[in-house]
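So, here's a batch of structures to check.
Presented sequentially are two complexes of chain A, the first with chain B as partner and the second with chain C.
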Partner chain A sequence: MSTVVERQIPGRYARLMTSLLRGTLRLDVWVNRLYPTDFNPLYYTGGLSNLFLFTLVLSGIFLFFYYDASLGEAFASVQYITDGVPYGGIVRGVHRYAADGFIVGILLHLLRNWFTDRHLFARDNPWISGMFLLLFGGFIGFTGYQLVWDERAQLLTSMFVAMLRSIPAAGATLTRLFIGGLGISDGTLVRILFLHIGPATALYAFLWWHYVRLRHPKIWPPGVWVLFCVGLVFLLAGAVPVTREAIPAATPAARPTSFPMDIFFLIPFWLLNFLPAGVVVLLLVSLFVGGLVIPYLSRRETPTEMGVRHSGVAQVIDGNCTGCELCYYDCPYNAIVMVPSPGPGLSKAAANRSLLAVVIESRCVECGICIGACPFEALELPKFLERDVLRQVAEAVQA
Partner chain B sequence: MRTVYVMGVVLLSALSLLFALGIIYGEATDRWFLGGGSVGALLIAYSFIVLLLRKMGMTGPRKTER
Partner chain C sequence: MTQTPKVVGFICDWSVDLIPLSDGGRLRALPNVRVVRVPCSGFVRPEWLEDALNRGADGVFVTGCPYGDCLNREGNFLMRDRIDQLQRRLQRRKVDPARLGMLAFGLHDGAAFLAEVKAFADRIAVLPPAQPARTAGRPAVAQPAGTPEGDRT
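Now for the complex of A and B:
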């Protein structure tokens, strides 16, 4: 019985993923009717997220110059940015709406790559670094709400402290680290400011990890979408100012019980209405860990089933390599580098070469793209030679 | 269809001029939200102009898309 169930679950999952893949591709086709294919925004969800992150960094630097991280002055400094600094309210709005755009872009990017299977095998590194980008992005957004130090920030801080305290063994230490002592003080806001800017800097380290094995990542969207997205955050900042939510400054006497909700960053705190703090923490940790293992648990085909995954790391046939760099440019995994050639090749075409291709074994996924890229027969997959392919073709024809 | 695109570009250009005036008016009267919002509207209008020019074939695809 259990064997039947075990077989059914992957079957259902595979069918669900296949229907999601078809839906995603249909959506691509539909959007391609509206836009030229090189303008299709669905192809640039990662680039759009990066654009919003860049906007966040620039507007954040502007806001940082005016922000005063102390209990008495934080709220007043934010008010001054909004009302006293020329276009300060606009920059604050741009920062806020770009943060929403960043999270929306990341979620679209995640779903698209999940549904189209672009998180498996060698793409697990971008997936895992992407999960960290989402986690850090969410946390940075939450600390951003705290920096304003209004009644919402005050309530969020007490709720977050309750969540930290619910963590077994480490809860008390984490709480002390977060608030900087036994109670909330000026030091608390300095720490929150650090927790806002520090992880934001770490995002770029994760982005490096995200891109390191991709040969041609689409880092930026096309110009038309840069104009549209930057325009949209400016338009929203002007038309729907962030100051519309008139929340009073935090005071020791205030006992806020509710705040305006943000569905992108404050969902965990909304869950505290229904669940104990410990359960919410457990849920968040489970979601994150579950996200990390998706590339390893959700394969529709195992490497053995795919059959072509054991062809061996690509090898350069030294005598034939002309140093033309075609394989270097075509490898999608950055697994080939060009080094100065120690000597001439054996073939006539390779006699005057100045460069030699070298395969980085740890990056090679044995896909064979470099074999197709090389016109000089200077690369091979050692366990999948041309004669093996010809033999398999002959066997297939005979069968 | 080309006539529709041309009319779209002309309309968006006129709107862009209006938004540019909004920027100047916002700056002159210290209505920063109006000025900033107009910047956004102007950029969005530009983005649609670029899109229409591309659909008309006046700007080409990227080198890699050819």
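Now for the complex of A and C:
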């Protein structure tokens, strides 16, 4: 009874999420009128982000060959890439705009999966790894702006150092670690270069975690969207060159006070206009931690409140399993593994099996797709038995 | 010529919201359509569809989320493929493929869903009556009486 009452008076968060879900689905319906559903870009936000990341890696490798991480040479080497290297300016622009596309893609991916409840229950691993991907992606973008070592980079560095210093107890140590000594030196840019490339490599480790339970992850968007996005990035890089901002090189004497904004990566630094550094650090940390606990603390989490029935982890009926691997191929969460069969099954079809399906309970989301895959009645959802479905079918036909 | 065809629908919990549409297992707007709720469209075994036809249903359909947007990532694609295969298989037994359908609608697409189900039922209504049903229910393959459980195919 209590659950019924609770469902009638949902909390403010639940009502907000319900309206966001409705809005997301309405947007989908609208986009589906423009495209066949297989090409709806909103269904491929993850794949689009991965595409941008791949573009970033390739263009980044190109830029790395020419980049010189020292205070005197960094800006000159970036200038040389832009003016001296054939198509260098284009590649630089591609690196810049693909980074914006990457952040937009993962933010869309995050919001979509949040609003459609795809972060709950057994699906918290992609959410947690996704929060790390977002954190690292943002940090990589920030260090990327520093590598150019113009006046913006200089100002960003001093702002970031102010933020680090505001952290109680560990602030001074962190600052020394970040700038590599007591003051900014050649070592600083080497560290920043490492902090640009190291976390970018770590992104792939997090992506492995992100994909680990997915059987056929949608890693790439449909071909037309690949062409469209890569083309768009190249067009932007040619039409709006990154050098239009014309920021002078950093010099120890310069005291820059403003710089052109990038709304995707530099918002925390914009906040420093209004808030003390300590508050901004606190805000960022609480945003990150808040993001991590979303799947666990939201009021909509309990299945009864969401009106979801609990059908139980899929169970293999040993005697009927023939080891045919159909469920293994169809499970979208890699939750079924085939092991060497310890002995023959009971049914005639299973008598000569060499494999046996085993469900990894921690990966199962109780969707029942393996039940539909199995032609041998060797799988059941414990609280949603085939017997009951067939009884419902019989009643439906006879009624 | 069936005037009001008996239709059974398997509806995924995450696709069309059935609460405003259905009443005691049948659609309010189309009382000849009975619905069975399943946790995912991929949960449906093709043999259950076959079983429903054998028991006397005139048409069976499965509804999942829009393609590409399955909550469980792939359930509706898998089910679409399975229904394609089942249609080919049943065609050999002279069952019209129009009697099997795969629909894909989101949570709030109730109106579009009803229109599609109505079109599905209308397509079936003009078909010639189905062959006399085979042995009602399972097993589809006749079993000799008294076969022990372990020897069933």
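Here is the rule we go by: the second predicted complex is superposed on the first by the 345 of 399 C-alpha atoms of A that agree within 3 Å, B and C clash if a C-alpha of one lies under 4 Å from a C-alpha of the other, contacts with A are read in each partner's own complex, and residues count from 1 in each chain.
In this text, a contact is a pair of C-beta atoms (placed from the backbone, for glycine too) under 8 Å apart; a residue touches a chain by one contact, two chains touch by 3 or more.
Please read these numbers as outputs of a predicted model, since none were measured by experiment.
In the superposed model, A:Asp38 makes contact with both chain B and chain C. Judged by the touch definition given at the top, the superposed model places A:Ser347 against chain C, while chain B stays out of reach.
In the superposition on chain A, contact of A:Leu232 is made with chain B only, not with chain C. By the touch criterion defined above, A:Gly223 reaches chain B but does not reach chain C. Taking chain B and chain C in turn and counting the residues of chain A each one touches, the greater count comes from C. When the two complexes are overlaid on their common chain A, residue A:Phe265 makes contact with neither chain B nor chain C. In the superposition on chain A, A:Phe142 makes contact with neither chain B nor chain C. Touch criterion not met for A:Phe75: it reaches neither chain B nor chain C.
Across the two superposed structures, the residue set of chain A contacted by chain B and also by chain C is 37-38. Residues of chain B touching chain A in their complex: 30, 32-48, 50-51, 54-55, 61-62, 65.
If you check the complex, the residues on chain A that touch chain C are 21-22, 25-26, 28-29, 32, 37-38, 40, 43-44, 116-118, 214-216, 308-309, 311, 319, 330, 332-333, 346-349, 365-369, 371-375, 381, 384, 386, 389-390, 392-399.
Chain C contributes residues 6, 8, 13, 25-26, 34-36, 38-40, 42-48, 51-52, 55-57, 66-69, 71-75, 78-79, 82, 104, 106-109, 137-138, 149-153 to its touches with chain A in the complex. Touching chain B in their complex are the following residues of chain A: 35-39, 86-90, 93-94, 222-225, 227-228, 230-239, 241.
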